[in-house]
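Labels run A, B, C and D following the written order; every chain starts at residue 1.
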Amino acid sequence: MKLPDLTPYIAPAVFYGLAAFAVISAIAAATAPKIVHAAFGLMAAFFGVAGLYFMLGADFVGLAQVIVYVGGILVLLVFGILMTGKTRSTLGLEEKPKLLIPAFVGGLFFFGLLLALHGTDFAARAVPPDPQPTTAPIGRAFLDPEQYLLPFELSSMLLLAALVGAAYLARRRRT
Amino acid sequence: MPDLGPLVPSILLTVAALAVLLTDLLGRGRRPVVPAVLAIAGFVTAGLVAWGQAPDTAVVFGVLRADAFGLAMTVFCCLVGALTVVATMRGEAFRTPGGEYLLLILAAVLGMIILSMSVDLVTLYLAFETVSIPSYVLVGMRRSDLKANEASMKYVLFGAVSSAAMLYGLSLLVGLVGSTSLDALSVAMTNGIGAQPIFWVACVLMAAGFAFKISAVPFHFWAPDVYAGAPAAVGGFLAVASKAAGFAALIRVVAAVVPGQVAQATGAGWLPDGPFLLQVVGVLAILSMTFGNAAALRQTEIKRLLAWSSIAHAGYILLAITVWSDSTLAGLVLYLVAYLFMNLAAFAIAGMVIRRQGSGEMSAFRGLARRNVWLAVALAIVMFSLTGLPPFFGFVGKLQLFYGVFAKGYIALGVLGLLNGVVSLYYYMRVVTAMFPFSEQEGEEAATAWRLPLADKLLSAGLVAPVVLFGLFWSPLWEWAKAVTESVIGG
Amino acid sequence: MTIGLMHYLVVGAALFSAGLVTVLARRNAVAILIGIELMLNAANLNLVAFDRYGPGGVRGQVFALFVLVIAAAEAAVALAILLNVFDARDRIDVDAMTNLKG
Amino acid sequence: MLGLALTILGAPLVGFVIQFFLGRRLPGQGAWLTVATIFASFVSAVVIMASQLGGADPFHISWAWFDPSGGGGTPWTVGIHIDGLTAVMLVVVTLVAFLVHLFSTSYMKGDPKYYLFFAWLQMFSVSMLVLVLADNLLHLFMGWELVGLCSYKLIGFWSEKPAPGNAARKAFITTRIGDLGMVVAIAAIYMTAGSFEFSKIFEAARSGALADPWITIAGFGLFFAAMGKSAQAPLHVWLPDAMEGPTPVSALIHAATMVAAGVYLIGRFMPILTPDVLTVVATVGAVTAVMAGFIALAQDDIKKVLAYSTVSQLGYMFLGLGVGAWHAGLFHLTTHAFFKALMFLGSGSVIHACHHEQDMRKMGGLLKKMPITGWTFLAGVLAIAGLPFITAGFFSKDAILAGAWHRLPFLYWMALFGAVLTAFYMMRLFAMTFLGKPRDQHVHDHAHESPASMTIPLLILGALAICAGWGAWHGILLNPEIVADAMGVTATGFKTVGDLEFEHSGLVAAMAITAGVLGLLGGLYVFRFMGGAALDRLKRPFAGLEKVFHRKFGFDELYREIAMRPAYGLAKGFRVVDEKGVDGAVNVIGRFARDTLAALSGRTDRRVVDGAVHLVGWVPRVLGAGMNALQSGRVRFYLSVSAGVLALALVLGRIL
């Protein structure tokens, strides 16, 4: 007995798996009663999206996603959760989100996006070429004066301002 | 390596920012006057350099266009930056702002400059955030002030959500065009991407981001709360520079999307038939001026009142973009300049009063004329000008702007705008009548006179003088505005 | 059965909507930030997908990396503001912050 | 010339600014400053007049102001135009204003808002000078409105009391009604002539660009505006009420500023007034002259008599203009300015002396107590009555009568009758105030001559009231050839003073002289020598008439019925709607109008204002309330609304 050739199904299966994982995690982030769980939902969604990046052949972005988002931003958020968790108010680490109106607005939004996506022709290639390594072109794009050198420099100023500002605000009060 | 010329103002601001940081670190514990002087010097030199630069419509660095419009906006934003630093020192928040404050202002202005010159979506978004992120911090810099905290919290949340929505719209647009350049967008428009349904989504979402930045209804919610919580000088900075940069970027995008000028109005003249984006902008304009003015009617706190009024003014300015023609655009530029002086003056004087009274409620302004005639008259002039009464600059701006709207046949839009002007008369005049009490008794309770330091006098005079002068002789400025906008709009 | 551009865009739309729901539903400011990160991720997914199925090049990926930077900066500033608020009021419930209104 | 013109305008303007902002801190509260600045203006005006008398060419300069079409069109200008007419007006305005300022330094002494009074008085003069120096309609209109605004502030100067506030409002509203005509005229002229500049307008009229029907519409519009400003029936009702203001203000209004503006306007625009318009001008003038004379006859308040006499004299001026006796009308404006200012300041002196008693029935015999005031006043009375051959009023009034005789004889007879009336009631005024026995001993005992700063202006004006007509010096300045050149029109249809003097040497003049003398003697006899009982017997048959005159022909009542009552009714209606309406929210725009108007006038009629604005203000009020309700302070709510709108926009964009 010959097994049916599953090769054409592997990519879709992986895609649907990752997509479902990402979307369900995102929904969990929206609905989980515990904030920490919401953060975990976000992390899972990040991983799911990173997987999708790899599927899209964007290895560098996928890696950056894991390192910066999961390793940086998420840790920041979890720190935030923990530091503000010890609160005297009713709202601490747990919160039951009120979902009725948000779900309606979000649903409407999603519906609107679907409607628009449905009718749009992006002139996309049905079968893209094999993925190429992206790190070198990205590096060149960042440093090419005719491409994104200027935004690259600007982003350093942005980071400087953000860090100085954040440090100023979060500094422990002298009194 | 392309010519660095167009970047010199930006580089100057960056250098100034670093110098401020350095001197602030070295001078800890002493009165940080040096950084403030450095920051102002940075703004002034950057502004002067931009003023002296020859406009060039070529795209440099693949992402910028240092044309007359971009240079004008550079000068504009540098001017606001310098004035904001001065106003902060005379306002209610910090007598001597720290190095962080100055750095953030410099960074935000740098973002504005790039924003107004960028013809590339990546740069546009990045610059947009370079304006936003320092602004969030600026609002909350008085750390122990509960109101400031709340304001910055609201601002950052609202801002982050809006910018995320805009980014999503941008991502769709990039996909539709296949490029991040606005010139490519303009080409794609001629190939008919305007008919794609997702284009509508992209327009709406982008408009949401811009509407946040310029506080247009219904993305205005943050503005009254944030202005009320922030120091008056920061409120003025947000209301003027941040908004102007938002308009500049919106104009860049509209210029790419709309070919040439809009057609003469048909019918009653509500909204132009052109691309979606103009109609979205038109709706924002109508909502902003109407609701902004209506809501301002009930305000009793000066900064909230100015916030709502600035929402209404955003509506007038959006009107000029809706009726996309060379004459309305020149009117817009003129109006922006008028708006600069009027609003900075209003916020600066409000800050001076709040510093002395400890409150911005209308009661703090009652009988101001008896405390200090100078301030009262200056503020009264500003209020008249904001209303759009001759012979002040605000009238001129409004006149030219609405002239363009009517000339294109958009009668209904224009009439609505003028009606709004009538409504606004009330709340501006309330400030004026509060300051000049008419019966003796009202004034008696507030009879302690203030001695105004020279710096306060100079600042208020420096801001009010243009309001009066340009109200009388604006022809040169008008010529300049026409020249500035020529580069933006095609035949 | 091939996976096309539209599939990714729909996932992006779903992520964006889920992020929006998070933002609107949560009272905890940190959770709102979580929602915002989701929305940014959705946009990034779009950008990267357009790169793959579009005319080629790395434009979208570069854009996505810039977004990453901005997300980090924004999160840092937002958290700093949030901590500052927490310092002053001992709570980060956004529904409780209604001193400024009208 | 430019320097002089700018001095005329600039000196008092600087005075106003300093006085307004710093006046309170100046020594003596700054009155001297305003006196000095207006004197500087006066000197400049005299120099200008001298140069014009010396035959200098009319002076004209203008600057482009801005181009309303955004480029390529004819720019609007601001400018200065000086010809003979301007020169005469400048001298009259600055001289009278100077004397009034001087007079006020004593008269207003002790007033809590002393410094402010001078600031506004100065601004009033500036406004009038702006108007007179204007070279274009728009510029003139600015001055015109400024005059209105300042008169409003000054009439309502004592706004703590209800009457001045109401009077100020009445003046403001009535003259604004007239201004509607001005706006119509400006629109019609700009539409056809394409410019606001006088010279261009007249050029357009000559070339036929400004033709019927627009030229007629413009003419009527201008005259309607002049009727409001110069208090011609039926828009005269504000002027007598304006007596509620401080007396020096009355003097300025009645002599040189406010009311003169209307006459000046018509004089300036003579070249474009069609025969139809001129006939109406003359008729309205004559009717007003007689009607106001009757009313003046029955008033007991010294200032009211003078007020109605002004209305009447203004009627003469319009009669003169309307019958084409251009110079006569403007000549009368000049002489009248002197003797009316004299009499108002004189009455101010009397009122000052009698501790603000204005009722003539309580006066009498004051001539001995206040000789300077009394004798100078007599000069004014004789001048206005037109005592032949020596007084200024004689020359100007007879010139008007002569003009009327040649153009519209019927109006001549009316005017002649008016002349008798004028002389009669003025003599009544003089007799009741200064002659006979004191009627109220208390008032009489306290009366005293006024200080020098008040009597000096009286003496100067008294001299002018007599001498200003000698030699008919206006003839040179108001030479139609010169003016016509400046205006670019032919001079046909204008009569010079010289012509008219020649003409009234005949029967016309004799009748006019007789009328004046008759009136004076009659008045003197009736009110000085006839006893009280005899006077009553004389008046009995006319009791009904007197009541009508006393009630001023019922104009106020009429307006109340046709204008005020419906407004009240409407207001009441709105009120009911509002109270029963769904919205109990704060009455925003109602407060708007109340606050602004209250701020302006110090007192408003709530019912009317509230009602009217309730209707206007409903929409923004509801919108604002909704908007403020949305601004709940909860950021999540904000985001929900914004996102909801976005989502809706997305879906609707696809479905629609």
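Here are some notes:
Quick note on the criterion: a contact is a pair of C-beta atoms (placed from the backbone, for glycine too) under 8 Å apart; a residue touches a chain by one contact, two chains touch by 3 or more.
Keep in mind it's a predicted model, so treat the numbers as computed, not measured.
Chains that count as touching both chain A and chain B, per the definition above, are C, D. The innermost chain, defined by the distance from its C-alpha mean to the mean of all protein C-alpha atoms, is B.
Set side by side, A-C and B-C show the greater C-beta contact count at A-C. Each chain gets a centre from the mean of its Cα atoms; for chain A and chain C, those two points are 7 Å apart. One inter-chain figure worth recording: chain B and chain C are separated by 26 Å, centre to centre, where each centre is the mean of the chain's CA atoms.
The geometric centre of chain A is 77 Å away from that of chain D, both derived from CA atoms.
A straight line joining the Cα centres of chain B and chain D is 46 Å long. Counting partners per residue, chain D has 628, 631, 633, 635, 639-640, 643, 646, 649-650, 653-654 as the residues that reach two or more other chains. Within chain B, residues 122, 126, 129, 133, 136-137, 140, 143-144, 153-154, 157, 161, 165, 175, 178, 197, 200-201, 224-225, 298 each touch two or more of the remaining chains.
Of all residues in chain A, those that touch two or more other chains are 101-102, 105-106, 109, 112-113, 115-117, 119, 122, 147-148, 151, 155, 158, 162, 165-166, 168-169, 173.
If you draw each protein chain as a dot and join the dots that touch, every dot ends up joined to every other dot. On the chain D side of its complex with chain A, the touching residues are 640, 643-644, 646-651, 653-655. Within the complex formed with chain D, the chain C residues making contact are 20, 23-24, 26-27, 32, 94-95, 97-102.
Residues 112-113, 115-123, 144-151, 154-155, 157-158, 160-162, 164-166, 168-169, 173 of chain A are the ones touching chain B in the complex. Across the complex, chain A is touched by residues 1-11, 13-28, 30-31, 33-35, 37-38, 41, 44-45, 48-54, 56-59, 61-62, 64-66, 68-77, 79-84, 86-87, 90-93, 96 of chain C. Against chain B, the residues of chain C that register as touching in their complex are 5, 9, 12, 16, 19-20, 23, 29, 32-33, 35-36, 39-40, 42-44, 46-47, 49-50, 54-55, 59-60, 62-63, 66-67, 70, 73-74, 77-78, 80-82, 84-85, 87-89, 94, 97, 99-102.
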